[in-house]
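Two complexes are shown next, each including chain A; its partner changes from chain B in the first to chain C in the second.
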Partner chain A sequence: MIIIEKICHNITVVALQGTLDSCSSSQLHYYSSPSVTEVPLVIDLSNLDFLDSSGLGALVEIARKKREKGSDVKLACMNDKVRKVFEITQAYRLFDIYDDVEAAAVNAGNKKNSL
Partner chain B sequence: MITMTLPAEIRYVRLASLTAAKVAEIFSASFTAADNADGFCHAFELSVSEAFTNAVRYAVSSDQENMVTINFKGDRNRLTVSVSDSNPPFDPEFPSPDINSYPESGFGLLLIRRLMDTVTYTREDGRNLISMTKQPDNQRFGNL
Partner chain C sequence: MKTLVVIREKDYEWLYPVFPGVHPLLVPVCNKPYAEFLIDFAILAGSNAIRFVSDGQLGGLEHYCENGSRWGIEISYASMLGDEDLETVIDKNRRYCSADRILCISGFVFIRYNKQHDYKKLIASLSPGEFISCSHGSLSLLGNTGNIDNSAEKPELSLVGLDSTGVYYRLSVEILKCGSSPYVLPGYSSEADCHIGRNVVMSKSTEIRKPVIIGNNVQLLAGSVVGPDSVIGSNVIIDRESTIIGSIVLDNTYIGENLDLENRIAAGNILIEPESGASLAMEDPHLLTGIKKRGGGGTVFQTFVHLFVAVLLITIMLVPFALLFPILRLQGKWHESSNTYYTSSSGKTLTLTTVAIDRSGPLSALALALSLDRFALLFRVLGGQLAIIGSQPVAATPGSRMVLERMTGYRAGVFSYAEAEEWPVNGGDTAIVELFYAAHGTPLQDVVMTFKAFFNRIHE
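Presenting the complex of A and B:
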């Protein structure tokens, strides 16, 4: 999986490209580490081709760690294959999901959720 | 019947899941009515990813190399993939976690059950065997 970082409306946007599964999910551990949990984050899924439950677990871990610190993670541009995993597991309940990165970044900057 | 045997190592999970997707794609091409081919292929890609990951995750370390065997069998109107490993038995009715507790694992069997038409678990010759079957024209959670 390729990870590309950019800034949008002063919010860090992490674009994931490729496959997020049990082999690649550890690449996201940094984003749930104590040094960045207080920083709001947007994850751009537009080029994520495949997600399984291990990859979903990595996203859930980021959400949990951030909300414990009063911050949040927003998801943007989910394709149908990825959306299906969120629907079956009902993980959509844990995330604010946007159709475009800019809207996600604006909301990430304005709103903070907490557990 | 197509058989693939891989070491129980996580670096092989994508090889297993992509192979499953490709086999499903070729199989579904035989069905002119299969207008949900993407969903059919994704069901096999994701289910094999989950089954293979579980086989690796619960592999017991030993001097003997742990291997995971994946079998594909197509009949007149459905495709079956079986994943077997030499791990200790597991509970196929393992309940899914509550999403509101922010679980980081435990959804693999749920995904398999929801994506496939039929899922069976058996214990044969000291090996776990999970068999997953789906018809190309079955719309159950198959549309993308």
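Presenting the complex of A and C:
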């Protein structure tokens, strides 16, 4: 999996490319580490080709840790393959899901400012 | 233009127990899934794309609508959180909503429209904001104003909040009465108020009274009456002499013979009174309950119980038999014949002497009432060759051996479960009743059924 990091409206946007499974999910551990949990995060899933339960678990873990610290993670641009995994597992109930990275970043920024 | 349909699960979750197994957004309204009415209206309003947004599962809807190519539009799906307001939902779908104009349908509402009117002009003439609403939802417009023409004609348009079976029922009847004029309804319609789907088999004596809508693969058997004001779904069988008046029969439902259904909703084995919402689950104990496995200890106890009942019946019947048998024999009314029968499903055979008593005369009637023709068979129970109650013995022939192999739990009995239940002994349903009790019966139930069969013969 390739992780591309960029800044949009002062919010870190992480674009995932390729496969997010048990092998690659460890690559996301950095985003749930104590040093970055207080910063809101937007994860761009538009180029994610495959997501399994381990990958989903990694996303939930990031969201859980961030929420513990009063921050949040927003998901953006979910493609059909990824959306089906969220649909089957009903994981869409756990995340704020946007169809646009910029909108997600703006909302994450607003929340950051309100804290 | 694009359409955004926002429906919260709390608005439609009442439908889950009412119509189990059907996605609430696909609940048929006059044999057409609810979502299709929304799609039709969106197309009439000039949309080329529709997005369904819900906090509930949309898998069933997506499986049905797919990408919308069937309607020539693009359909997409998105999730939301249950407590989000419309503004947040629109923000979360900002990319989709970046089109010039967005028609937003919010809530679990039915849109009353008329396909003969021009809704494109109406939408073009309206300024952004909510333009029609009811207590359960609204229609609103987003995006730029374009050329607002306040003088444009206002075609028929209203909303109905779908919040109970009563509203659903009244809406279905209303659409049925309107016919195909305002809405596109499924099925062939060579005359007004009557839509009939594909592969509908009707008996010559079936009566159809308009207005009526019948789905695909429906069988209307002899003497059945359908309508007026009735909706029959797909894959439905209306059995003989049944009457459906002012009722909705949903897909995959069987209406048994000689039933009168008036102002009700039938969905599978659930019968609903629309106004109160009261429902009744009809369960056929012979066909719909799962087969229980009997424990090994039960068989020994059952054999003991059968022996006990046989001894009891021999005691009761001994004196009448000793008195009546010689007389009937001398009168030539007592006929005996021997034949070989299967005693169990494993294929064991036994030669039994069966008795036929002429029905003429009071003594014959008394002998039959006391089941004296079965007296000799009771001793076979003592020998463990027959059950006191079980299946009617099947004659040992090569053809019946094949039948026997399919009859799991078959055990020949002096009396049969069908006699106890007063089913016609040679009817096709007899085997179902007998096999049901063979699989589900308990020793104590066997005692009850034996005496039931015994007393039924007295009444005959």
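As a convention for this text, the second predicted complex is superposed on the first by the 111 of 115 C-alpha atoms of A that agree within 3 Å, B and C clash if a C-alpha of one lies under 4 Å from a C-alpha of the other, contacts with A are read in each partner's own complex, and residues count from 1 in each chain.
The rule is simple: contacts are C-beta pairs under 8 Å (C-beta built on N, C-alpha and C of every residue); 3 or more make two chains touch, one makes a residue touch a chain.
Every value quoted in this text rests on a predicted model; they were computed, and no experiment measured them.
Of the two partner chains placed around the shared chain by superposition, chain B and chain C are both touched by A:90. More residues of chain A lie in contact with B than with the other chain of the pair chain B and chain C.
Contact with neither chain B nor chain C is seen for A:41 once the two complexes are overlaid on the shared chain. By the touch criterion defined above, A:107 reaches chain C but does not reach chain B. Once the two complexes are overlaid on the shared chain, A:98 sits against chain C while remaining clear of chain B. Within the superposed three-chain model, A:11 lies out of touch with both chain B and chain C [touch as defined at top]. Residues 84, 88, 90, 93 of chain A are contacted both by chain B in one complex and by chain C in the other. On the chain A side of its complex with chain B, the touching residues are 19, 21-23, 50, 52-54, 56-58, 60-61, 63-64, 80-81, 84-85, 88-91, 93-94. Those residues of chain A that touch chain C in the shared complex are 77, 83-84, 86-88, 90, 92-93, 96-100, 102-103, 107. Within the complex formed with chain A, the chain B residues making contact are 10-11, 13-14, 17, 38, 42, 45-46, 49-50, 53, 56-57, 96, 99-100, 102-108, 110-111, 114-115, 141, 144.
Chain C contributes residues 55, 57-59, 62, 77-82, 91-96 to its touches with chain A in the complex.
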